[in-house]
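Letters A, B, C, D, E and F mark the chains in the order given here, with residues in each chain numbered from 1 onward.
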Amino acid sequence: MPALQPLYPLLYEDVVRQALAEDLGRAGDLTSDAVVPPELRATVAVRARQPGRVAGLDVAGLAFRLLDPEVEITTAAGDGADVEAGGTLAEVRGRARALLSDERVALNFLGHLSGIATATRGIVRAVAPYPARVVCTRKTTPLLRALEKYAVRAGGGVNHRFGLDDAILIKDNHRALAGGAVAAVERARRAAGHLVKIEIEVDDLEELAAVVELGVDAVLLDNMTPAELARAVAIVAGRAVTEASGGITPETAAAVAASGVDLLSVGWLTHSAPVLDVGLDFGHHLQASSGAM
Amino acid sequence: MPALQPLYPLLYEDVVRQALAEDLGRAGDLTSDAVVPPELRATVAVRARQPGRVAGLDVAGLAFRLLDPEVEITTAAGDGADVEAGGTLAEVRGRARALLSDERVALNFLGHLSGIATATRGIVRAVAPYPARVVCTRKTTPLLRALEKYAVRAGGGVNHRFGLDDAILIKDNHRALAGGAVAAVERARRAAGHLVKIEIEVDDLEELAAVVELGVDAVLLDNMTPAELARAVAIVAGRAVTEASGGITPETAAAVAASGVDLLSVGWLTHSAPVLDVGLDFGHHLQASSGAM
Amino acid sequence: MPALQPLYPLLYEDVVRQALAEDLGRAGDLTSDAVVPPELRATVAVRARQPGRVAGLDVAGLAFRLLDPEVEITTAAGDGADVEAGGTLAEVRGRARALLSDERVALNFLGHLSGIATATRGIVRAVAPYPARVVCTRKTTPLLRALEKYAVRAGGGVNHRFGLDDAILIKDNHRALAGGAVAAVERARRAAGHLVKIEIEVDDLEELAAVVELGVDAVLLDNMTPAELARAVAIVAGRAVTEASGGITPETAAAVAASGVDLLSVGWLTHSAPVLDVGLDFGHHLQASSGAM
Amino acid sequence: MPALQPLYPLLYEDVVRQALAEDLGRAGDLTSDAVVPPELRATVAVRARQPGRVAGLDVAGLAFRLLDPEVEITTAAGDGADVEAGGTLAEVRGRARALLSDERVALNFLGHLSGIATATRGIVRAVAPYPARVVCTRKTTPLLRALEKYAVRAGGGVNHRFGLDDAILIKDNHRALAGGAVAAVERARRAAGHLVKIEIEVDDLEELAAVVELGVDAVLLDNMTPAELARAVAIVAGRAVTEASGGITPETAAAVAASGVDLLSVGWLTHSAPVLDVGLDFGHHLQASSGAM
Amino acid sequence: MPALQPLYPLLYEDVVRQALAEDLGRAGDLTSDAVVPPELRATVAVRARQPGRVAGLDVAGLAFRLLDPEVEITTAAGDGADVEAGGTLAEVRGRARALLSDERVALNFLGHLSGIATATRGIVRAVAPYPARVVCTRKTTPLLRALEKYAVRAGGGVNHRFGLDDAILIKDNHRALAGGAVAAVERARRAAGHLVKIEIEVDDLEELAAVVELGVDAVLLDNMTPAELARAVAIVAGRAVTEASGGITPETAAAVAASGVDLLSVGWLTHSAPVLDVGLDFGHHLQASSGAM
Amino acid sequence: MPALQPLYPLLYEDVVRQALAEDLGRAGDLTSDAVVPPELRATVAVRARQPGRVAGLDVAGLAFRLLDPEVEITTAAGDGADVEAGGTLAEVRGRARALLSDERVALNFLGHLSGIATATRGIVRAVAPYPARVVCTRKTTPLLRALEKYAVRAGGGVNHRFGLDDAILIKDNHRALAGGAVAAVERARRAAGHLVKIEIEVDDLEELAAVVELGVDAVLLDNMTPAELARAVAIVAGRAVTEASGGITPETAAAVAASGVDLLSVGWLTHSAPVLDVGLDFGHHLQASSGAM
């Protein structure tokens, strides 16, 4: 498993700014401005309320820095790490008001992305006895795809296409509109650049043999039973990557993987994984800030 | 229950454009461009694969129009309507390629928002015997708050604050940093504009009596048992809105509502509701387009 | 009066960038580039040419920092302070060219916002003998609302709604289109979230009694004479906040406030207050810069 | 006087969108959504409450169209026209809710820009007996410069520089930092492109003669009395454009113009002109909309 | 050769808007506003001044539509077509001023993109006797990559990677930093998703054999002579795509292609191709516009 | 020749961010992430592969800083300097991955802008014996105009208009639509602000005399032979700036300049100049980074 590579902040800075603007609105944090003395400083612990896999701590950290450039962050369990219930991810020290104003946005990113990482970890563990890898889909939340794909990697999964321009994936409707699988693959091969791979969705096993003969890079085996998948794997015989899809859950993943397929693609990871419950615990070390802003 | 008001497209047009750009990338839809004849037209049915409450059809419709301004959309079950498994939400007619290129983005919006609406409907139904209303929180997906709040309304829920500048909500950390509930409420009252309401989180019942005396508009009763909630309601005695929060699920909602609280706030609606499974069925009426683009 | 809270730069950084871009155009500051030696440094005093209340110094400071990140700013009279004619608000030291290129944008913000703060101060002082507070309206300059509302606070005023989504304010046209005040208030109460207040404009005193019975949070008394206002205040009898509006000026404010209303709302503060005349005095301490950029 | 040329909507469309977004916030128009039946249509008259010169009607019209693309607008007194108190600028027919949601933003643009046009008209009329023209400055409201300059044209004035890159204007600080007027003008001439004019601020009359010899296109005569201006005009003797500036008001403008200067530049037009009071009168012809949105 | 697919306007609309804004500046087209009567209409022919391949006509057309939504465009030789010197690409009818204001931006796009298409056509023709295809690189003009890649397709070329995230291409510096080609390829294979191809740059022929054994999809043969290339092709023996790069020009292309490589990659197409000279001829059919805007 | 003034980063920061985003796409640099150990640091030399004039080093430097804020850059030959083949422009030290991810974007800016500077230098040198200056046109690459104009200055040229709002330039089509040169100039003079110059294109020498009488600032002599130009210069006799245009190349420039014109305008500089070949040489001093990011 390659190590988790951090994302360039350039790729998510704008998203974090927009998220803060979305929460601050026009008037800012009415409550903290009204209630919290401006000179107070605080230390907060970012803690998991349930066990999981962390993703989004760098993103949350940027949110804190954008409201308080002087904030200090000490990471205990960063992106890609496992954390127990009650475990600390990081400590953040800074102006109390800024920490409060930031709290929800930082946790919304952290909980959402850690939820995806944790869900991915669950499936990855379920299929650990088998060589199959777990991949995500394009069923992501609008505007958060790059971050969600990163969370999948943090959970031990690997990424499928990031968008429509990443590779050619001929789904059933393409096939029908193209006049069949053979015509579709032939057109795709003519159009594809030399670094563009081709995958095609296959629904029945007879078609599968023909398609593999055409020389595709991967076949998407949609909504097949484990038994059908095993037969499909035998037909393909290593000539293409085999990907199983369709309603795979933590419960069914092992059975699917046992069929010998190379990949399990799981839309659920990014469209329906629940958040990981993460919270901020405000520490006892509250101090008046020594200097002015 | 007031009727569901449609959102001004001005409020989400940019989000839809960004979502399409996120999926099309730099090179666009390699597959449809390679495989589908440009002159083909198609009719697709937008169908639910499971029962639920619809939200996001207008948003999805805008996605279709942005790639094919000539697309025709006939709505069968619009935002706020209930749909059965297999039920049709709309029919969309247009250029086949554009429909394919749009499919995922349109469904990502529609599935995500309908998932929230369906989850909300579930809780709303669970508490139907009681006067309590169901409200969402600020635990929303970054950049999608306005749409997710709209989906909650489509599900029969009502909205809590849209952001930090909407009203004053004194949480436990504010209270601690302000030096107690009384100091916090006093500061809030001095700072609040005449159209800004004040709510305060209360953890124990003795404090509750003091706080209500101070004249707040609402009290947030966090993580209390139904029995504690009932006692809190009795203490408040109609002098403030009572809001229960903390891990409320479809299973526990009725018991919470039975306590007599006015509001159940449920973060799960927007941070963890699974998508509603919605798909496109490409129809049999494929025709070559008569004219050119 | 609560202390003036500083705005998060995140909320206005983009406005300042756009303002600088608007002035620099495509080719930048032709004059300074042509005429001023690049190595020169200067110290400028930001001075008021007339007495007033300061607002916008932080914003102006950001403008200076955006063209010269090394600029040093020493504040003498910051936002919310009073300044005499000739009084110094701040000293700014940096590259001479950057100071010149920045001058107009910085002063445009500072003069405009200080003008609003000064105007607000004037009305606030006029009504000082009375408990009434001075509020602004949504009659603001497009794209500058948050900054202008902040300037009102700097002047000692308080803010009304920041936008259409802040609270419900039923004006005369809403009332007419809804079929009368009673119908309008009833619909508003059904639709309003639990932290959304309701205000209604009332034109005649008979209607006022009925409306207050309905339980609104505030009544807007538009274009009434002080005598009518006094009668309205008596009718309301503390059951709602009373707000007087309509052509209130520094001259008429005291008479209006004497009626006993809670609020005077004054559109003039943000739509027609003249700028405060503020200028830069370039100091005698011009030095060649020691190092390169 | 050349006819007023309309602005390309491309140049202000984004400003109008942002202004609407600023007012609608995240939740939209709570009041109209709650109170006004969605099917209602209305006709409103845009009327001046005081006499003035119109500017911004096209901009306001775009605001209406952005919330209701089907809106119909009939112009009675468009940009550049004079209007009496009570006079109608336009009639707008469309969905009642959209008209209400748009009202404030449309009027904020229209009142602000018409205020500038009216102020400009006042000065232009005051100097009508003289050949002098009235020009605006760069003392404009941040982000609205192009619109405010257009309003000046609508008022009969002409525009000075739009930004720092439009021409070279050597102010007193440039002169000091360059080591004197002669050095400054020489550097400017070397640096200036062949379509870039040069103007220089002059404070005393002896310097004026030297500067004119150097061949500048215009001289800015700052804070001179009418008598000094007349002497300056005599010294220049038609060899450069003469521009008077410094605290010119409607009261003093004629005396300044009588000095024979070519231009009066008036910062007050754009930084301190009060709005023109313009309002919407909702008509009696309310109808239920025949079709759906 | 697959047919040229049109780009979705969504992918370039923003670029065209920005380009118009860049040219119009704050004040718009001073010349046309001053000189051309507003009511005039004109018909212009878009004509090539030299022979070439057209690309960018749709983009230019959008530029015209953005300043005059009523403009009518008749295409004679659209994107991907060949045109002779003097040949007409399109006729555009609309308001004369808008046509003049648009002219430069429209032609800047059209000339730049047609220049790339024409350059590509030249190399494609030069290698026509051979099976080799012509590919572009990432040496594109910042912000125009998608449009320039499209122009390469219009010229008969095919596209290489659109960005760093499209595929893995191990260049010499990657190889050195990874500790050699073998280590680099092994790491790449572990990290690559199942639809991500791997190409590696190879400088000497001994290394080539080892690399091909590792199972890469393509090899980049940089700066080799035709003889070396031929030997490389023999070594690869069809097991990977072979791509020649390094200073390929129209003069040398045929010799390179004769070596039997699959691809010639030519940075020159997008970084140094001269524009195709295209101009607007204003027609004789000038008419006053019948109605007003 | 005035010294080259650096551009404010504020004017190009957004362009550099967009260019990086264009190359990084959604998934970032797949190759470097996969292949290069994250802890490695490197020193690269930015070297010219051919002789030329440097422009864009500051812009390229910003690209490096945006991906690695800790990067250290030592400039050897900055913007406006001449460099030999093999000459070093700068050394850059930082994280190896960031340097690799940045390489193409930084070089695309640097090569493109240095190509323009080098081309300009060539023409400037060719006309060195004559007083004529070399100016660029508005035939620039969309979205890069300010940077390309800067590159022209770096090459020793001067800038013509930056946009349509910079000055009045009456081209042949304006003239025809205005009903002749005299009418056009008269209208332009009436409309032009006092700092707006007027230039007019002239095609025949008889018209030239009339136009100069009208008092324009400059005449554009399009597509004339050197002999015709010389006659034109004689007719103008110093009463206006004379600008020659039309297909001027390094080969023909001297002959054109010999005619005595003041300016040679050369569209080729910005629309067709080939890049200067600049590359990065990764140094031998690779070290593991001491600390973590």
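The rule is simple: a contact is a pair of C-beta atoms (placed from the backbone, for glycine too) under 8 Å apart; a residue touches a chain by one contact, two chains touch by 3 or more.
Because the structure is a prediction, the values reported are computed rather than measured.
Undergrad: Once the contact rule is applied, which chains count as partners of both subunit D and subunit E?
TA: Looking at subunit E and subunit D together, the chains touching each of them are A, B, C, F.
Undergrad: Same or different for subunit B and subunit C, when you check if over half of the residue numbers at their contact belong to both copies?
TA: same
Undergrad: How many angstrom between the C-alpha centroids of subunit D and subunit B?
TA: Their C-alpha centroids are separated by 43 Å.
Undergrad: I'd like to verify one number: the distance from the centre of subunit C to the centre of subunit D, where each centre is the average of its C-alpha atoms, in whole angstrom.
TA: 21
Undergrad: Any idea how many Å lie between the Cα centroids of subunit A and subunit E?
TA: 34
Undergrad: Using the touch rule from the top of the page, what residues of subunit C touch 2 or more other chains?
TA: 2, 22, 24-28, 33-34, 101, 145, 159, 162-163, 165-167, 169, 187, 190-191, 196, in rising order.
Undergrad: Think of each chain as a node with edges to the chains it touches; is that a line, ring, star, complete or other?
TA: Per interface graph, the chains form a complete graph.
Undergrad: Where on subunit D is subunit E touching in the complex?
TA: Residues in contact with subunit E: 2-3, 5-8, 10-11, 145-146, 149, 159, 162-163.
Undergrad: Which residues of subunit C touch subunit E once you look at their complex with the stated criterion?
TA: Touch list, subunit C to subunit E: 22, 25-26.
Undergrad: Along subunit B, where are the residues that touch subunit C in the complex?
TA: Spelled out, the residues of subunit B in touch with subunit C are 1-2, 135, 158-162, 165-167, 169, 187, 190-191, 193-197, 199, 217-218, 241, 243, 262-263.
Undergrad: In the complex of these two chains, what residues of subunit D are touching subunit B?
TA: 17, 20-21, 24-28, 33-34, 38, 66-67, 101, 293
Undergrad: Which residues of subunit B touch subunit A in their complex?
TA: For this pair, the touching residues of subunit B are 15-16, 18-19, 22-37, 40, 42, 96, 100-101, 103-105, 107-109, 111-112, 115, 138-145, 162-171, 173-178, 184, 187-188, 190-192, 196, 268, 271-272, 274-275, 280, 282, 286.
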